[in-house]
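Pasting the structures in now, so scroll down.
One chain, chain A, appears in both complexes that follow, with chain B as partner in the first and chain C in the second.
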Partner chain A sequence: MTVTEAPRDAALEAAAAPSPSAPPTGLAAVVGSGDPRTIGKLFVGTSLLFLIASAVVGSLVGIEQYDTAGTEIFGADTTLRMFTLQATGLLFLGVLPLLVGLATAIVPLQVGAATVAFPRASAAAYWVWLVSSGLVLASYAIDGGPFGTEPEAVSLYIAGLIAVLVALAVATVSVVTTVATLRAPGMSLRRTPLFSWSMLVGGSVWLLTLPVLAGVLLVTYLDLRYGEQFLGGSGGVWNRVAWTLWQPTLYVVAVPALGIIADIVPVFARRRHQRHRSAMFLIGLAAALGFGAWAQLGATIDGSDAPAVWINEAPWQAVGFLAVVPVLGLLGLWTGTLGRGKVKLGTPLILAGMGGLLVFLGVAAGAATVIGELDLSGTTWMTGQTTLVLLGTLVVALGGVAFWAPKLYGKLLPDVLSRLGGTLVFLGALVAGIALAVAGALSQSRLVTGGATAVDSGDLDTVETLNLVSGIGLGVAALGLVVAALAMAKRRSGDGPGDDPWDGHTLEWATSSPPAVGHFATLPAITSEAPVYDARHAAAASKTEASA
Partner chain B sequence: MITTGSKWFFGLGFVSLVLAAAYGWTTGGNGLGPLTAGYKGGVGDHFGYGILLAAAVISIFLGAVATAARDADAEVVAQVAGTDTVPPVTPAGASYWPPVAGFGAALIVIGLVSEPLLFVFGLIVVGIVLVEWAVQAWADRATGDPETNRRIRNRLMNPIEYPAAGALALAVVALAFAQVFLALSAEVAVWVALAAAVVIVAAGFLIASRPRISSNVVVGVLVVGALIVIGLGVAGGVAGTREFHEHEEESDHGAEGALAPLAAPAVVEVAR
Partner chain C sequence: MATTAVTTDLEVFSEAPPAPPARPRVLLIGTALAAGSASMVIFALIGLYAKMRHDVLADGEVWMPEEGNVQLTPGSMAMVTLLLSLLTVAWIVQALRNDDRGHALMAFGVTLLLGAAYINGAAYGWQQLGLGVTSSPQALLIYTITGLHVAMVGIGLLFLAVMGFRAVGGQLTGRAAEGVSAAALYWFVTVGVYATVWYTITITK
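Let's turn to the complex of A and B:
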């Protein structure tokens, strides 16, 4: 490894001094941009709008279920379609692209790169995702989507969703490749910031999962358009998609959230992350256990659903229980880091804490799901678990946006609005998730498999009330998202926040806010996972020495 | 040395392998089938087992790549390249091709479920984007000077782009005018054509008589004119063609005018 030492200075200089072309202005600065920060902001802003719409639809679906015999907002058939719309919107048009966008903007800064590995591919991914998402939504407007009655509109949903998956996969490839190959001299993977690490490991598993879903959807499309509809026709489409909202696949969506928390906690504890390597291992374990493309519903030749052969079998149970381990371990590390530090209670930490709690509750609910005797699989307990994990991830992501706002927008977000927005999403998700889970414990099936029809008549009123509560909870979450969007649009007035308003630890805090094209004029020496923290402490130590 | 990246990929591969074996045995596999990919016994549910095994193989392969590439650490990359420094990465400049790719993807999706012609058109758009993209990516790395790179790219692509764009623009304008004329009655269409010709000649005359006119104004006039023509063409296409044909057929040849010229003598005979 002699070469590691010899060319370091020259390598640092080369990495820090790219020769960028002139930054685009006007329309080109947005529509034609290849700047990862702009692309990331486009992803974040657009996905937030889709999330608001999804939460509103989810709220209406919950309210519709209040009186299963009487209340008519959509009607029975449309309610099923709206349920699939809010679930599709929440995951593929909301949480995943929000995380991808945040990573596209922040990961290159964290690893000391001038840009992402494939900036134009990331830009193309955004535009393809945007128009494909529009087509998915349009398919619902013309009686399509799962359970739709218009064959071409159902096909449009499938084809549009495949395009959405391709776009998300391309954007993920760009981020993962950035972490894998564009790290600054001195930054080994071992020293990679934990958000970037979580994108590497989580993104790898996304890339193993999304193509499987796209392939399954392609087969479904061919079956629907040209085949015998042995996969169940329009009604069967949702069975081919729904596994992405169940454990274990659900967990891999939350992996970047673990990375975000792990980057926020030490900054606000004003000390290094406790056992950085262990944190890397635990995040990796969470990602590995989150590979769940194998846990899908089967299909039979006559169009009926085959029983899921993996339900209540050892692998599924093991994954359900083991998934708690990394989350618990990380919670322990974060508690230790905060306990030994001087905690500064900033907005990002508060949101990260609330989101982390939701994710933990969701994972714990998953451990209960795999206990066969409780008979929770197939009920709205799973829907509640999905709500907790996805909205928990969302709250953490909002914390991440607040944390990295100086790098994204050049300004800090207003504290009151950010906290209010995040808190409303947290409370809404908590209420909705728990209400759905309790209704599931009272034997309410998932909506697509009958809903409250399986509930004992004695429990029906309670379950319907819980459905209403879940609808109200999602309504509150929608309101919180609107407030969070307002916070992002408003930002703080006055001068910029400075390059490093939080006293950050990782490399993104060594550049300007917002970063210039090419990101870094000079890079600090990277000798640990917290180079900016090291540089600050070295400077403070030398100052003390000099004054002494 | 096992690097951090290879540890992750090997770990993912190991977890997938263990899950594959457990999954195979718990879903009906027997003997050594789940351990031997079905060579010595059954593997149980093929779908889930296949996915887990594929994930394991891919992960282990990537682990081997990460080991061989030493996690692509900057120092190692420089060492392999035989240079003192890692190759600099230049941020991408502005390009409108990514949004065009989005447009092409939309055409493919819509065409796939509705109109094959749209699907083919979408494929063509995406194909053009890929070619343009490849050339631009190559040109971006041609020299260290972005302006020189831009010139190189333009010298290569403009001789192809301008004729192609011109032909496309002509086709769109001709199609738009045709839709407008088809939507109008024959008499009105003649007057509209004359008016359009006068407007085009007048605009050309005005532009030609002012040699110092700003190119932005010329571009603006052309863009507004193109938008008006395309808008009218779309409106004409949506509103008029079918009624125009029915009207003409009824007035010239009566209710059975679909048979057109050959049927005309019979109509005359009936009239006697």
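Let's turn to the complex of A and C:
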């Protein structure tokens, strides 16, 4: 276990030591790399591909539901499976690994560490995640996944998803440990950059949540393959997974997005983050409220329809309302920071703003969900809410990639392509999320096949049109993701962006772009949460004094 | 001559750079997170077990199948065994801190023995249970929960053995000592998790 440690001294020594053989290049350098930047880029790039596929599938499902009576593209059973594929892909193959990848690359830089706490574990996590994601997709190809008719293939889906969860948990342990133990001298927890803080608190809650799903899936696997299928067999698998896409668990996925926005806003406001400690508290509160493993569908001993555990009960309702508080509080702080600063309208800020708006709409929709009189629980209102929160998080993450591109790729991303990609994802998510939510308000059930049975006949045409609109929205989002991927692949030509193209505030901007092995030759004195901002202002002040 | 030599040594030390700051407890914190995460797998299944048992009892039915026989003695003996192992693990850590390899080796041996005894006890409990693994949902849950815990104990024994042998083998550096502390922490969590398993399955059945 100790061989996976690589504190700063060890990494610097390793970099300085003569290499007995030539360092690997090409594919060997990628496959064998324990460099957090390489692992992070692999996570980001691969998850983006899965996200494109997921959005395309979601688009086709929406278009399929244009005619709720007939089936044109997939067929009834396959539509249901494709719905689960889209949701699984969006969360476990897309948004979560994207955030983990970004954190793996950026968090060590932010806290002044030479690398992540367990670089080899992070690398192993990526490859396990990649192979397991392939297994999950392969299971769908052979008639598996939830609602699949081939038991072996359904089992493959469960086994693959368990491995995905283990991989994500291992990568998260590495990131959280980095923040907890490898912060530079002088960087107390209160001075931790907000993205790193959000990974510390959000990642900790992920580590309490992902294993719950893994455990439940394990017993579902055993029950499906060898038992009496008291957990509902193939059709019951989705009931074991779906709670991760609902509030409150849904919110903890968005916690790192809050941290990304909180790091971008002050840089583009050209002033310190207003009330940094309050922001830390609010992000921590959002993470605490996002622990939702207690709110999932129950199971019965005879395999009959399982009642929900605590869903629609008082704690669930309380969390639905309370979750608005940290998001609103943070919005207030960001508005104050921007209002008092000299705003520079860069691509990262625009994307962070659009993503933040989607997350806020999603959280607000969640507050409406818990109002029993509205009767929205169990309808596509919740699917719309999921779309808003997850795609909002995705847009913020794209903003984060644009922001930290100099550290990730050594180049800035092309502004036009980045903005276009993010804007398309934003618009697509907004349209799809609202269309699904309105269809839910018209009583369309959350599961696609037969979902329209509760809809009034007079509203059926409207619901079908809304389904089509949601499909088109997700199609636009898929297009936006393609454009965003192109932006990352193309990057900006010409000389490098310099070490600090945005006039950043936190430690990652005190090193080269891209960072060298070991990240930092020397570190500035850390006396606040914005050491680079401090150093810049101190230098400017002394320059003014000297000239006076 | 001797005085001169001592003076020279002191001069050397006075010119030496200051000691590096204490190494961050990376492995200890990483282990704590991993152990907490692993515990949640079992806690999730215990939650499922407790919820289903509660629902069945609320319907006025009997939870455990007629042929099922969760014996109190093997489960409680396993609990006692693991509680004893807490002492021996603390003994390992203390002995290594005192650079007392003889006691550390003895404590390792006893801990490994207690771990093996626990696994033996769990196997005996399965044998006495009287239910096939897939004969009922209750059996499936019991075997999955206890099986996962045996796996957790196995990993703990492996972890302790690797870190312990490294430490006893002479690598009594700060990092190796931290490794043993990390393994001990994992073991403590494992025992804590078993206390929950024992109460849920052995005591309340």
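Throughout what follows, the second predicted complex is superposed on the first by the 519 of 548 C-alpha atoms of A that agree within 3 Å, B and C clash if a C-alpha of one lies under 4 Å from a C-alpha of the other, contacts with A are read in each partner's own complex, and residues count from 1 in each chain.
Convention: contacts are C-beta pairs under 8 Å (C-beta built on N, C-alpha and C of every residue); 3 or more make two chains touch, one makes a residue touch a chain.
These figures come from a predicted structure and were not determined experimentally.
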Which partner does A:E152 contact after superposing on A: first (chain B), second (chain C), both, neither? first
According to the stated criteria, A:L208 is in contact with first (chain B), second (chain C), both, or neither; which is it? both
For A:G290 in the superposed arrangement: first (chain B), second (chain C), both or neither? neither
Using the superposition on chain A described above, determine whether A:L218 touches chain B (first), chain C (second), both, or neither. second
Would you sort A:G34 into first (chain B), second (chain C), both or neither based on which partner it touches? first
Going by the contact rule stated at the top, is it chain B or chain C that touches a larger number of residues on chain A? B
Which partner does A:T181 contact after superposing on A: first (chain B), second (chain C), both, neither? both
Touching A:V173, do we find chain B (first), chain C (second), both, or neither? second
Applying the touch criterion given at the start, work out whether A:R190 contacts chain B, chain C, both or neither, answering first, second, both or neither. first
Going by the contact definition given at the top, which residues of chain A touch chain B in one complex and chain C in the other? 1, 7, 180-182, 185, 204, 208, 212, 293, 298, 309
Mind listing the chain A positions that touch chain C in their complex? 1-2, 5, 7, 9, 117-118, 169-170, 173-174, 176-177, 180-182, 185, 204, 207-216, 218-219, 222-223, 226-228, 230, 293, 298-301, 309
Contacts from chain B onto chain A in the complex sit at residues 3-5, 8-9, 11-12, 15-16, 19, 22-23, 26-28, 44-45, 47-49, 51-52, 55, 58-59, 62, 66, 71-79, 84-99, 101-103, 105-106, 108-110, 112-114, 129, 133, 136-137, 144-146, 149
In their shared complex, chain B is touched by residues of chain A numbered 1, 3-4, 6-8, 10-11, 13-15, 17-22, 24, 28-29, 31-35, 113-115, 119-120, 123-124, 126-128, 130-132, 134-135, 152, 155-156, 159-160, 163, 167, 180-190, 200-201, 204-205, 208, 212, 225, 280, 284-285, 287-289, 291, 293-296, 298, 309-310, 313-315, 318-319, 517-518
Chain C residues touching chain A in their complex are 20-21, 23-27, 29-31, 33-34, 36-45, 48, 51-52, 55-56, 133-134, 136-138, 140-141, 144, 148, 159, 162-163, 166, 175-176, 178-179, 182
